[in-house]
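Structure record follows, encoded as structure tokens.
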Amino acid sequence: MKRGELIESLINIVLLSLLVGIAIAIVCMKDLFAVVMLAGIYGLISASFFVVMDAVDVAFTEASVGAGISTLLMLVVITMTGRTEHPTRHKPLLAIFVVVVTGGLLIYGTFDMPYLGAIDAPIHTHVAPRYINESMQEVGVPNIVTAVLASYRAFDTFGEVVVIFTAGIGVLALLSVVRRRDEDSVIDSINDSMHEQHLILRIVSKMMIPFIMLFALYVQFHGDYGPGGGFQAGVIFASAIILYVLLFGLSTARKVINQTLIQLIAAFGVLFYGCVGLVSLLNGGNFFDYNVLSSDPIAGQHLGILLIEWGVGCTVASVMIIIFFNFAGRKEFQQRNGNLIDNISKKNKGI
Amino acid sequence: MIFDLDIIRELISALFLFMGSFLCISGGVGILRFPDFYTRMHAVGVTDTLAAAMILIGLMLQNPDGLVVIKLSLILLMTLFINPTASHALAKAAFHNGLMPLIEKNKKNNSLPDKKQESEKG
Amino acid sequence: MIMGLFNDWVVVVLMMIGLYIIIAHGNLIKKIVGLTIFQTSVFIFYISMAKIDGGTAPILVDGVTQYSNPLPHVLILTAIVVGIATTAVALALIVRIKEAYGTIEEEEIQEQDSQHKDSHKLNIHNSSEINRDKKEC
Amino acid sequence: MLVHLPVLQVIVPLMAAPLCLILKRVQLVWLFTLLVSGIAFLISVLLLQQVMSSGTIIYELGGWEAPWGIEYRIDKLNAFLLLIITGISTVVLFAAQTSIEKEISQDKHTVFYVLYLLSLTGMLGIVATGDAFNVFVFLEISSLSAYALIALGKDRRALWAAYQYLIMGTIGATFILIGIGLMYQMTGTLNMEDLSQRLPEVAQTRTVFTAYAFVIVGICLKLAMFPLHLWLPNAYAYAPSIVTAFFAATATKVAIYLLIRFTFSVFGLSFSFTTLPLQIIFMALGMLGIFVASTTAIYQTNVKHLFAYSSIAQIGYMIVGFSISSVAGLTATLLHLFNHALMKSALFLALGAVMYRIGSVQLSQFQGLGRQMPLTMAAIVIGGLSLIGVPLTVGFVSKWYLLMALIENGWWPLAVLVLLGSLLAIVYVWRIVEMAYFKPSLATHANVKEAPISFLIPIWILVFANIYFGIDTRLGVQVAQAASESLFAVSVSDITIIEDSL
Amino acid sequence: MLIAATLAVLVVMLLAIIRTVIGPTLYDRILAVNMFGTKTILLLSLLGFVMGRPEFLDIAIVYALINFISVIAVLRYSDSFEFGSKTGEKTAENRIPQSGERLELGNKEAE
């Protein structure tokens, strides 16, 4: 046991040092492509770190989000905005001042903190013991994180779903483009390059896509017993669709996936989650009180968790798809109007 | 008898893990030390998949019960599919976009950064 | 003490680096990467505090009594989602800024704005407007 | 159903947002949004009544009792805030349909309402909740929708303003998150009530001190308190008019609420004002804010900018009242919070009407508008008078209470400074009046007419509210006084607990 | 042996990061990131065994998928960078990394 802990802390130190090293490298790099790649690696390492710290659910999410989706989005964006950072650096002194003050304050604050892993730290003695000891009787789900997330603090999770919904709507507000029917043929020619170049890639990916979707379903349902849940499943499902878009082009994907429908599903997910709460309200309990959903409290909890996880999954998957479609669609729009936008930027520079 | 089997299993597992680690490291050295993209690609592409397979098989032997082995073999399967595909696509994209391999005759105009880096490492 | 607070200190260092990138760098995308580093440092802070000696991941199995604290995990799950949401909106804004200003460097944008300051005409940038312009062309 | 009012307050607009997306038809969506906001307003009135008559309402979400689950805790302070937010939101929405027609392209109208409702939800959620982490979640809902709403502005500078706001807002929110994390680490709980009971035990540690500093700085970033205000003017100036009217009246108020909640309820008065020289810092920054922002406002050529800087100055007044840390001072802050919401929403809505008619809010474009848009301009004048603090307007009431509170503590010089600050307000309001009434009309504005009725109704509702609450001060003063007294009662009981434990 | 393998993977991760930092071409970085992804999968699988809870391999599977998708995404969008043509590519590739390289090498030494 002792040796295991030693190894754990060694891995801990190595991973954290890698994180610091990458962060420093990001500061120094001027090539935005490299920065984005490093940010992806940063996500991967922090997720490995979360595993070492026993936070498997968090690692799961960070893997799919920090290393996957956010890297992908940044990549799409730098293709639209150019990949070098200008070497100008203004107000480094102010920055250093702010940074040193906040950093110093935090370091000052650390000296009274409980040490890493201390058993008698307040957080291990006050609220958490009930989650660990009682959740099996009260909620009946082996994954305590799921129990807390979906039952004890279901409202936070509702807020989280609304946040992601807001992000989807925000991106829609900022990037959506009114399309005309006749534009599709032009788009096809832009999208073709991937088709012809990478036959092998296409075939392998075609095999992968159904598998990824299946895996998403597994994550969705297995969330009660292992790491995973609606959010992670949603992201994985969305990434299958994204893979499809990457390989077969946006216009093909648009034919398969109706944009309006996706928006409706996103809205539906939020509504569905909320309705679970409303139903328990009507059954005489408090909002999100699953105990009243069924005659047996535990069965009620199970039902409630299952339903809200579905709501989360729907919203997250469709919002991720909305976000990606809008980014990719905007890129396409820019390519079509390439000359026009060049003119605008020239005009701006000229003035 | 069962005891013996366990020891043998442990031994084989350790052997696989050792080979995997060795391949890993050789790939890592390769990606750092080789002079141009295609040779690095060669170093990684060859060792990466095999190293992953070795380590995963080693792990399977560590804990031969149901779900874990299934998941491990799933990972193995995916690595076997994905890694070569990715390497292939990458090499093809690089070549398609005009990155020339480092051969004697175009050493001069293409490999400036690499050479400098080599000399700096010295 | 060094081992006990090592994680916290790394968090502080990462936070300082992230904050430095946000404030000192002029490139909008770089700023977002800085923001990600900054937020991730907070995640690491929360997750480190949940760790308990001899504990294991908070998924119940037979024969284990010591589990890490699940509550910070739940909070950070939410915070990660908030982080990606912010990143997505910020990147969307960057794309639009690039379209409207032709650059994503803070200084150049401010320069353009200061030149335009007294003009009474609006700098119209909406996509529908671009569409309309295109038709006229 | 009355038992469930606290959660319905937040859930109704929340659930309405995705429904809007399904409804699709813009006219319908607008009416629906209006209806929902009206319902939320009714709920908040009922809540205020309940709270005033029977005290704090506690609602356990999910049926889990407090430190384990999340609870909504409505006391006099947040009931008051809920009333302000929903009230302003409803009135402002009357004008929304007309206003956005000219300012936002047609295909984004539905999205606009969805974001508006989400933003409303976020603010209500922040105010209603009794859980520190839940505050962060709803803060992000309201902020994210705010970024998108601001970026919908027609001017391209709206994008840049939204980006700057996003960066500052996210840093602020992350600071709050760090602060909450530190508090959690020292106490093991996230519930505000529980925190306030467990914090005194560890109040002497450096970690709690750091937590306090981070929370306060984070909130001040969101609040746009003087040295951290840089994101605000552009964000307000280039956002669509409706958005400006709504946010100017509510967003900073929510941040003030958080400041009060954390200093008085969570950390407790004795901790807040003894560990840090908070009184002096806030007093100085508030005063500086009043003078610097008011002076900057005088030199603005864009009227929206002008009023945005004026908002920063008004925040300064609230901060001054807050830093007095007496019942009277807090009452003044809360009153000013209410009154400022009334005047700024009226003013920005009137600007929206101007924007609708002449497509610009440059000061030079206001020439002679006093004759062409008499009702709108009259509203701006009355709003301006209220901003200055002329008797018979709401502005007077809150300034009066602020002066009284300062004098009660014997801080005469500060009272004089506050009065001087009001003089600066006269200058910038006068610039608009001069432009609108004493200059000839522009030739280009020959056929500018009075604003449409859909603008005039909400503007004048707000203007009448400005005057009514300036004359009949009972409602505001009663509630504000009761709220601040209850806050002090809680904090004082904290002190006795500490003394007992010592 | 498990521990030795874990350490070996960590070392290789470090090497891959160095290659990502120094580049010099776009494709070197992609290659290094891809390799890093594979190593992360291995690390995660190993960690499960080291820590005695090997049932969390789902995370490794997700990594494998995400890794694949990001490589494809990078390839898909690498066409869009400003060096589409053969001649342009060479100059762009050799020019851009050089400017940043000195800094990065210095950084590597600092590590």
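The first chain written gets the first letter, and so on, giving A, B, C, D and E; residue counts start at 1 in each chain.
Throughout what follows, a residue touches a chain if its C-beta (ideal position, glycine included) is under 8 Å from a C-beta of that chain, and two chains touch if they have at least 3 such contacts.
From a predicted model like this one, the values you see are computed outputs, not experimental measurements.
Trainee: What shortest step count links chain B and chain C in the network of chain contacts?
Mentor: The fewest touching-chain steps linking chain B to chain C number 2.
Trainee: Identify the chains adjacent to both chain C and chain D in the sense defined at the top.
Mentor: Intersection of chain C and chain D contact lists gives A.
Trainee: What's the farthest chain from chain E if centres are computed as the mean of the Cα atoms?
Mentor: Ranked by distance of C-alpha centres from chain E, the top chain is D.
Trainee: Taking each chain's centre as the mean of its C-alpha atoms, which one ends up farthest from the centre of chain C?
Mentor: Measuring from the centre of chain C, the most distant chain centre belongs to B.
Trainee: Which chains touch each other through the most C-beta pairs?
Mentor: Going pair by pair, the biggest contact count turns up for A-C.
Trainee: Would you identify the chain whose C-alpha centroid lies closest to the centroid of all protein C-alpha atoms displayed?
Mentor: Closest chain centre to the overall C-alpha centroid: C.
Trainee: What whole-number Å value describes the gap between the mean CA coordinates of chain D and chain E?
Mentor: Each chain's C-alpha centroid was found; their separation is 47 Å.
Trainee: Can you check how far apart chain C and chain E are, centre to centre, with Cα atoms defining each centre and the answer in Å?
Mentor: Centre separation, chain C to chain E: 22 Å.
Trainee: Between chain A and chain C, what is the gap in Å from one C-alpha centre to the other?
Mentor: The mean C-alpha positions of chain A and chain C differ by 12 Å.
Trainee: In whole angstrom, what separates the CA-based centres of chain B and chain D?
Mentor: 58
Trainee: Listing for chain C: what residues touch at least two other chains?
Mentor: Residues 15, 19, 28, 49, 56-57, 61, 71-72, 75, 78, 82, 85-86, 89, 93-94, 96, 100-101, 116, 127-128.
Trainee: Residues of chain B that contact two or more other chains, please.
Mentor: Correct list: 82, 85, 89, 93.
Trainee: For chain D, what residues touch not just one other chain but two or more?
Mentor: 107, 133, 137, 140, 144, 147-148, 151, 178, 184-185, 190
Trainee: State which pairs of chains touch, listing all of them.
Mentor: A-B, A-C, A-D, A-E, B-E, C-D, C-E
Trainee: Please give the residue numbers of chain C that touch chain A in the complex, ascending.
Mentor: Counting only chain C, the residues touching chain A are 1, 3-21, 23-30, 32-34, 36-37, 40, 43-44, 47-61, 67-78, 80-89, 91-96, 98-108, 112, 115-116, 127-128, 130-131, 133-134, 137.
Trainee: With touch defined as at the start, can you tell me which chain A residues reach chain D in the complex?
Mentor: Interface residues on chain A, with respect to chain D: 105-106, 108-114, 121-128, 130-131, 151-156, 159-160, 162-163, 165-167, 169-170, 172-174, 176, 178, 263-264, 266-268, 270-271, 274, 277-278, 281, 285-291.
Trainee: Once bound in the complex, which stretches of chain B touch chain A?
Mentor: Counting only chain B, the residues touching chain A are 81-82, 85, 88-89, 92-93, 96.
Trainee: Per the contact definition, I'd like the list of chain C residues that touch chain E in the complex.
Mentor: Chain C reaches chain E through residues 56-57, 61.
Trainee: If we count contacts the way the header does, which residues on chain D are in touch with chain A in the complex?
Mentor: Listed in rising order, the residues of chain D that touch chain A are 4, 7, 11, 14-15, 17-19, 21-22, 59-64, 67-70, 107-108, 111-112, 114-115, 118, 121, 125, 131, 133-134, 137-138, 140-141, 144-145, 147-149, 151-152, 178, 182, 184-190, 198, 202, 205-211, 213-214.
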